[in-house]
Amino acid sequence: MSAEPATEVVAAPLPNYLEAESGVASWLNTRDHKRIALLFYVSVLSMFALGGVFALALRTELLTPERTVMDAMTYNRMFTLHGVTMVWLFLIPSIPTVFGNFILPMQLGARDLAFPKLNLISWYLYVLGAIVTIAGMFAGGTDTGWTFYTPYSDSTPTRVVPVVIGIFILGISSIFTGLNFIISVHTLRARGMKWSTMPLFTWAIYGTSIMLVLATPVLGMALALVGLDHALALGIFDPSVGGDPVLFQHIFWFYSHPAVYIMILPAMGVISEMVPTLSHRRPASYTAIVVSTIGIAVVGFLTWGHHLFTAGISELDAGFFGVLSMFVAVFSAIKVFTWTLTLRRGSILITTPILYFFSFLFLFVFGGMTGVALATQSLDIHWQDTYFIVAHFHFIMVGGSVTAFLGAAHYWFPKMFGRMYNERVGTVGAIAVFMGFCLTFIPQFLLGNLGMPRRYYSYPAHFQWLHVLSTGGAFLLGGALLLTLTNLLFALKWGPRAGDNPWASRSFEWLTTSPPPKHNFATTPRLDYDPYDYSLSEEECRARALAR
Amino acid sequence: MNPATVTNWLRTMLFLPPESSSVAASIDHLHMFVILTTMIGSAGIGLMALLFILRYRHRGEDLAAGRAPETQKTTPAWVEWGIAGGLFSLFFAWWVIGFGQYVRVRVAPEDTYDVYVTGKQWMWKFAYPDGHHSISRIYVPAGRPVKLILTSRDVIHSFFVPDFRLKQDVIPGRYTTLWFEAPSPGHHEILCAEYCGANHSTMRAELVVLGPTDFARWLQRGDGSTTTPSPARQEPTIATELGPSQPMSLVRLGEAVAAQQGCLRCHTLDGSPHIGPTWAGLYGAKIPLQGGGELTADEAYLTESMMDPLAHHHAGFQTVMPSYLGRLRPPEVAALLALIKSLREVRGQDVRELSLPPPEVTPPAGAIGQPTQPSLPLLQPIPRGPDAPLPATQGLPPPGAQPWPPMRGRVDVGADGVQGDEKR
Amino acid sequence: MRAHSLGEQYADFAQQDHALKLGMWVFLASELLLFAALFALYAAYRTMYGDDFREAIAHNTLAYGTVNMYVLLCSSFTVALSVWAVRQSRRVLAVVLLLSTMALGIAFLVIKLLEYAEHFRERALPGPYFHMAELPTFGANRFFTMYWVMTGVHAFHVTGGVCLLGWLVHRTWSGHYTAAHHTGLELGTMYWHLIDIIWIFLWPILYLA
Amino acid sequence: MSEANKVGAVAYLGTFAGLVVLATLSLLLSFLHWKGGGLVVSLAIAVVKAVLVLFFFMHLAEQRFTNRITMLVGLMFVSLLVGLTVADVATRHTFPSRTKPSPGDPFYSR
């Protein structure tokens, strides 16, 4: 494909989406998927800060075995609100609503998502859900943990209903976001883009959306039943009238295990996008990553029983869930090997995103492999409901999802804002986040082995020195996150101008200017080539895509 | 380097509690096999990635230009399938071993010594086949399989014995079982592992494994006195040492009676509001009455309220208290009074700060009373098993010494029953 | 929106219609999963208390349930015909058919309330309020708790469907839907058909078998 | 949309008739009080009725294959949730096996 000289006269550059309109109304009533992504960005980060404050309060309380700063009920409410805020207000919406909203239409070569109005409704529902949940917190908040296990969630004297209604609204918001992505991927692919040449981040968001749309309704029903039970005492799970509380755990975890994959799959999508670009190499195996993405999305629904091994379910059913849990681990392992092999014979730009990739890789594999250990049933008996589980899911959520979120924030920063962040401060931030994380959560693995149960306000004295270590790590991690945030905010205003494609990537979202114009591409692109083909030069790709 | 020292070193390095039940050893071996493979696997992948990043880092070539085709080669499919198949067979092997042990742990053998365990909001109650029953301490014979038949009176708890590597959720309305066999005598800590309310963290108990002779003697005398060496205690404990049992202090008895008779379901001991008036700071306070007027809460008023709650009803509370006339024996009434008197100066939280109105709908499944303040836990911290000292070698304060930082809010109940929430 | 506007992101109306319909089908799948949680609870309790459930079903008000079944089948038919009417661009017939569907929906709700009143009299209420004289077993308690919750959520969706039909009547009356462009009407009718399908499954497990 | 694959008026009538017949059949069968298979038969009839409504009333017959997949996937996950939950409850060996305490049982006295 000889690159004929670009003959047509370059039209006057279109104003980018930030300058196209201005004023508060243009933001609050926008239909542009990029602006909605920024609205989500601000609200999701503020919720992350709120959850972080709860976390630091918890860690401070655990400095001494007995009372340190707060009493039992306040602590119990605090760990519930930390869970609810982090799961539903930050982790589940984070990568899909921010980078999914911003990048997915551009990677599809589309002008916008399938239903722009629905996208804006989804943001307003998110804000409404957040307000109701936080109002629930001030009205006394609940102390049932983010899992709301019955019968305690039916009979706790604390206020469960407002928080449950807030999460229900957040559920509707994420169903709408998922629906929007699925329809966009099915109907808005650019001319010539087949399913086998779609970028990997789009595949990951597509898989996540399937889980969002199919699992969240079951959460909605489970929490609605808890709300009904707590308000009207309908006794749906009440054992004194024949109910069985374990059934609540079944329908809750039918949602919540796919939910943990909803949190990690977009992170994997970000990593599958960063690694080929920054090492300038085709991914080791495109099909392996796509097959394991869809595999996780489907098999993720089959494994919820491994949360119930000690909950009194039958041994046969527990065995069945055990085997299925091993399948899911294989898909994650394939992805990890494919990323690592993609680095081979690449030309790797050692920048902040690659550091975040490395910490993601190490922490996710370490955390993920302990997940397989937990799915081994006889070991799970000792570990269930101890700090080993707390450490395991923090390794996956903070070590995996948050690291990938920060990696994406740095990787797509030039594309979203047209400016470059300070590389050195970014690197220091990345290393500090990694150190802070390890100091916080590795002691918790050891606490788990010692048998320290979860959600303990006061604990036997001989665990104390590990808790002190973990609290120190928590404050270090909090500081590192603040440093990274200020570095990005600083670069927003004073960062040097970044070109349209600072990483020299061949993926479709880098074809357009940074920050992109209102409808992403000046001319509708023809994207019939492989977005990871680095044997083509950048000009060849641009000419091929933007030619008539 | 015989295998015993290796496993012992690994068990200490992994911070695992001493192996005190028959299944603990085999579970720990699988534990070490799985965790070591995990660590080696993740370290290996991390190292490989680090090497690739350094080895193939960008050396100034023009990134915009196309790169040589041989750098774009993809991994053949059989490598991917090989990795996937190899890993799955490893995970499947873990599942096979794990499921075998899981079934062995979950299904009890035939001739077991059965003990009925009832989990109740924030305490464990044990009932033995010969009619004995005890609170917060269970005595089991060594060397014989013991089956615990567990149920709960209110919410889901979880009976967790770290030293035995065993845990089983305790579900209201159903029996679940947990069996174990402790080869040698000792003391083991029982923790509640499923969140069950305010005092979930102090719902602890002690599992005492007695040798055959001691157990037989205990069955007759039933007071737990044995000849096994009592362990080195870190802190004085409210429960009696395992020497000759001293008479329980009146306040402790009051507490037990309050729990058994269900007073704690409506009255709290720490000042937080609930269905009934809190007992913290009740004794000697001025009580606003339903029909107007005021009354000081002395022994007479408290006793009368137990027998005929509606006589001088405390304003602002629902009239739901049942009469205890004929259900409380005089010593139990005296014990309850001692308990209420002992809470005289316990400053509970300010009621307004909690802004927690008593729930309008009286919860059907047993009202969950407000927490007893941890400053008065039913049972003090549990000493470690005597035979294998806690893995103190990892920089933990040696047993017996005051751990750093100095423990605050520790309650030392002397024989005279006076205690309080001294803040050192 | 007066004329049918084509979203900027769509090439032509066919692509937009396909996107709207696929979006509706995905939304209906999520609604299906909402009821799946209830069906799972019903199935689990039925496995635990098999024969108690059969006795309770025998005691359930079969007449009301069956009439409601036929009411919803007719409403499904009339709302499907309304789409056909719009395709023949017979606007008035379509409005009449939609109004009759709403009437049938309201009839369903009225019958439902009468049925609830009947159960109220028998004290066949959920959970701790259950004091049915002739069926004092746990299984009956579980059945009627699930009965109230499932039919309650379904009735809630029927109410939503009736309001949606009201909005469709307004749009059809104002001539918004033409023979060529009536996707909005089709989406609304699809939601009503889902309500009918849920009742098709609720009817046997709560009244027949 | 092309006129050819549109659902005609006759199809609507036929579907409605089919639905009413199946409903009546299911009702009559329920009077047999067939203990074992009663539920299975009535659920099978319900599935047939649902497919009729989906394909004709909801115009699935005239839409592309992707629309049909959504319902299939939805149905798959519904059966997954129901199946594995029932599998647990059915094979539970609690000790003693699921006592049937009557409401008055002292076990429940608080």
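For reference, chains read A, B, C and D in written order, and residue numbers begin at 1 within each chain.
Going forward, a contact is a pair of C-beta atoms (placed from the backbone, for glycine too) under 8 Å apart; a residue touches a chain by one contact, two chains touch by 3 or more.
Just so you know, these numbers come straight off a predicted model, no measurement behind them.
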item: Pair of chains whose C-beta contact count is the highest in the structure; value: A-B
item: Identity of the chain that, by mean CA position, is farthest from subunit C; value: B
item: Whole-Å gap separating subunit A and subunit D, where each centre is the average of the chain's CA atoms; value: 35
item: CA centroid of subunit B to CA centroid of subunit C, Å; value: 48
item: Subunit B and subunit D: spacing of chain centres that average the CA atoms, whole Å; value: 45
item: Inter-centroid spacing, subunit D versus subunit C (mean Cα positions, whole Å); value: 14
item: Two or more partner chains touched - positions in subunit B; value: 107, 173-174, 176, 364, 366
item: Sites on subunit A at which at least two other chains make contact; value: 186, 214, 218, 233, 235, 238, 240-244, 246-247, 250-251, 254, 312, 315
item: Junction residues of subunit C, two or more chains touched; value: 18, 22, 26, 29-30, 33, 35-37, 40-41, 44, 48, 127-128, 138
item: Residue ranges of subunit A in contact with subunit C within the complex; value: 105, 110-116, 175, 179, 182-183, 186-188, 213-218, 220-222, 225, 228, 233-236, 238, 240-244, 247, 250-251, 254, 519
item: Residues of subunit C that touch subunit A when the two form their complex; value: 7-10, 15, 18-19, 22-23, 26-27, 29-31, 33-38, 40-41, 44-45, 48-49, 126-128, 130, 138-139, 141-142, 145-146, 148-149, 153
item: Residue ranges of subunit A in contact with subunit D within the complex; value: 186, 210, 214, 218, 240-241, 244, 246-247, 250-251, 254, 301-302, 305, 308, 312-317, 320-321
item: Interface residues, subunit A side, partner subunit B - complex; value: 64-67, 71-73, 76, 140, 143-145, 149, 151-152, 154-158, 231-233, 235, 238-246, 279-288, 309-312, 315, 318-319, 322-323, 326-327, 329-330, 333-334, 336-341, 343-350, 354, 358, 361-362, 365-366, 369-370, 372-373, 375-382, 384-386, 446-447, 449-451, 453-462, 464-465, 503-504, 533-540
item: Residues on subunit C engaged by subunit D in the complex (per definition of touch); value: 14, 17-18, 21-22, 25-26, 28-30, 32-33, 35-37, 39-41, 43-44, 47-48, 54, 58, 62, 66, 69-70, 73-74, 76-77, 79-81, 83-84, 87, 136-138, 186, 189-190, 193, 196-197, 200-201, 203-205, 207-209
